[in-house]
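By written order: A, B, C and D. Residues from 1 in each chain.
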Amino acid sequence: MQQGKIYDSFTEATADIFDGATLVVGGFGLCGIPEKSIAALQEQGVKELTVVSNNCGVDDFGLGILLQSRQIKKMVSSYVGENKTFEQQYLSGEIEVDLVPQGTLAERIRAGGAGIPGFYTPTGVGTPIAEGKEQKQFDGKTYLLEEGIVGDFALVKAWKADKLGNLVFRKTSRNFNPLVATAGKVTIVEVEELVEVGELDPNEIHTPAVYVQRIIVGTDYEKRIERRTVREA
Amino acid sequence: MATSRDIIINRALQEIEDGMYVNLGIGIPTLIANAIPNDRHVMLQSENGLLGIGPYPLEHEVDADEINAGKETVTAQKGASYFDSAESFAMIRGGHIDLAILGGMEVAENGDLANWMIPGKMVKGMGGAMDLVNGAKRVVIIMEHVNKYGESKVKSSCTLPLTGSQVVHRLITDKAVFDFTDAGMVLIETLAGLTVEDIRAVTEANFTVSPELERMPVGE
Amino acid sequence: MATSRDIIINRALQEIEDGMYVNLGIGIPTLIANAIPNDRHVMLQSENGLLGIGPYPLEHEVDADEINAGKETVTAQKGASYFDSAESFAMIRGGHIDLAILGGMEVAENGDLANWMIPGKMVKGMGGAMDLVNGAKRVVIIMEHVNKYGESKVKSSCTLPLTGSQVVHRLITDKAVFDFTDAGMVLIETLAGLTVEDIRAVTEANFTVSPELERMPVGE
Amino acid sequence: MQQGKIYDSFTEATADIFDGATLVVGGFGLCGIPEKSIAALQEQGVKELTVVSNNCGVDDFGLGILLQSRQIKKMVSSYVGENKTFEQQYLSGEIEVDLVPQGTLAERIRAGGAGIPGFYTPTGVGTPIAEGKEQKQFDGKTYLLEEGIVGDFALVKAWKADKLGNLVFRKTSRNFNPLVATAGKVTIVEVEELVEVGELDPNEIHTPAVYVQRIIVGTDYEKRIERRTVREA
């Protein structure tokens, strides 16, 4: 319920994100990222963030802008290759990075939200990822123990929300967003469209309202495309 | 004359059978998609959350909310579905994807694969590769047989950090095709024009030769 | 005169605050749903996959595909959502449900709960109770204070096999309300008409008495 | 793809289910159960089944009919209380039962389908369920190790399928079905309606086609109701 979930401004919705907080952030590349919440964080000026997100944006868009303003202390990602600012800060030791296989990252976030503190996966066995991790055999095969992730805040981008916080995502902009929505102590969702309660088909809701603490409507989404590939008619 | 890339792509195409669910890695493997004959009905999975990748969009169809794992704009074919990243990797890790075709930097004779980092160079990340090689029912690696210095990328053991340990089922290079079996690495095809001896000369790995060794068809 | 059941339900109702997501166990707890005042907007979760349980259906609305965890036909309120059982328990285990109100057989002074099996009797199963008591943010148990032989069900330690260890936040009986704190079990309310001494006389568990002890309001 | 997924008869679709097989079966109570596939199994006569399913039907409907014909050796369930045949066979030692907390059962099935051999859960710590299970501390709290479940066959009931095997479920008949669909070496799905490819919105598919090996259309669903509760107008 909590009709009071709806916020009027991104400034207000992100105001209590504190220095040193862990943020879990939705999106894949620049697709489905909470671009307005990220921009608000740059304005807000919070520092020393640990950010769990599959990628780190590009130099001047998405999470990349928080790198430029030196607000991120550590990234937990599967791929950070699209970002020169990242590369500079990484090589100079300004930023820490914890590289996590994409499937493991997705499962760790889902596990965190689902109250599962740890699980075993075959991914990474025999690779540098296995270093320092507990291993265990099941049916004669070796698996790594990986831990669930819960953030102080989760930043989510959805297509539509109803006023209770039920969410629907669009096409591949869904990606990490539904898992991220479950894994924040406070989950902040920006949406393109806010609809009345009852307008979403209960059979087709991707994220039930229980996971959502704050909803804000964004306007003028840039939705930048990283690789515009087209075919001839 | 066919380029190395053409040879690899044409041979890799034979791996894709009618009815398969397939994940094609970023880069060269993605190019295979366009070459799949229309009479082979396959569903391509993109690990960012799409099963049933269609062709690139027409200019007016471009949609920022519809990309593949290489962050390229795509379309969805009829019968496609979208899902979240946990579901996508549940599908991969759980053995529901029939085939993954990925690029490689090094493959070792025991089936080890290295394709994600070079010590001393900026490490960009493994993305979904480690999950794919441990999850897909069948893992086929495609790469050039030798590096730009003429050194074999088909190794007795990998020198680069691994992506997966004993995960490769088949390796396709521009010179040969190998299978990885309980009895070790087996040469099953050579590129037309090359002999088994030619392959031995450019391959660091130890391998046996399949009795049914055939000439590898060049895409002509 | 109010029955034990009325007393328990009326007191339990006070636990349900506006805006909460609540899971009500099968049996007596389910009856609480009908008593929630209209001005308290809550969403009731049913662990078989519904958030936002509505009232029982009218005769013509009955739908075999829409039941609650007690297998009763229900409706969905506006703003409800359906989901699968893994998602449902992710929601529960992950601490997203504000409150679970469940029945009990025994509660011990350390917050242990037994409510699923009696040795020697046919064990029907724990259903979702073990997940709920370990997952919900707040666990409130409702039960009669004594059994039919007049023996205390509020124990120094449970004699029945546990459903959960140190999981109860609050216990509501027909005679008293207790909280379970780091400093032990605390009597916070007595039923109107009963004194602290009356409660001690029917309670096996050791407890302290809250300084702010109030009389427990009877539903009148 | 595999256009050949569509079967004409339940007999054919279940013909290769073998004696001693492990079946993972969808449904909650009698809601969303694959009632036609279960009936076909009774006819087919397969024996010594291990059945993983939240409940075991009632005496004369759902999985209960396989108890009556003594085809089940072991049940893995969270609640079996609605069934007198079960009770008799259990007390006489004819049938084994492994009681698993409902959330743990759901997660084990999901894990099996997702290639996760084991995970930790707080559920059951300090109870009889914990006996013989490995325990581990995370952040000072104790958790139990539980293992993923994969069946030889999964029996699923969906509302609609398209001809590729994309599935949509209806209301609370979804329950265990989407997880079960992922956890069979062979997944057999019965549906009320088969639609053409392209008729289901790709954004609203509950189970992607990749999990489904066989599809059969059922007719004249009984959909028995266990507790018909109504209110006055």
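The rule is short, and it goes like this: contacts are C-beta pairs under 8 Å (C-beta built on N, C-alpha and C of every residue); 3 or more make two chains touch, one makes a residue touch a chain.
Not measured: the values here are computed from a predicted model.
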item: Neighbouring chains shared between chain B and chain D, ordered by label; value: A
item: Gap in Å, rounded to a whole number, between the CA centres of chain D and chain C; value: 29
item: Inter-centroid spacing, chain C versus chain B (mean Cα positions, whole Å); value: 55
item: Inter-chain centre distance, chain A versus chain D - centres from mean C-alpha coordinates, in Å; value: 33
item: Touching two or more other chains - residues of chain D; value: 107, 110, 114-116, 121-122, 169-171, 202-203
item: Overlap residues in chain C, where contacts from two or more other chains coincide; value: 76, 82-83, 89-90, 92-93, 134-135
item: Set of all touching chain pairs, with the criterion as stated earlier; value: A-B, A-C, A-D, B-D, C-D
item: Residue numbers on chain D that touch chain A, as the complex places them; value: 107, 111, 114-122, 136, 138-139, 141, 143, 147, 168-171, 202-204
item: Residue ranges of chain C in contact with chain A within the complex; value: 18-21, 41-43, 45, 51-52, 76, 78-83, 87, 89-97, 134-135
item: Touching residues (chain side chain D, partner chain C) in the complex; value: 28-32, 54, 77-82, 87, 90-91, 99, 101-104, 106-107, 109-110, 121-129, 159, 169-179, 206, 223-233
item: Contact footprint of chain B on chain D as seen in their complex; value: 1-4, 110, 112-116, 162-164, 166, 182, 197-198, 202-203, 205, 208-211
item: Contact set on chain C toward chain D in their complex; value: 46-50, 55-59, 62-74, 76, 82-86, 88-90, 92-93, 112, 117, 122-131, 134-135, 161-166
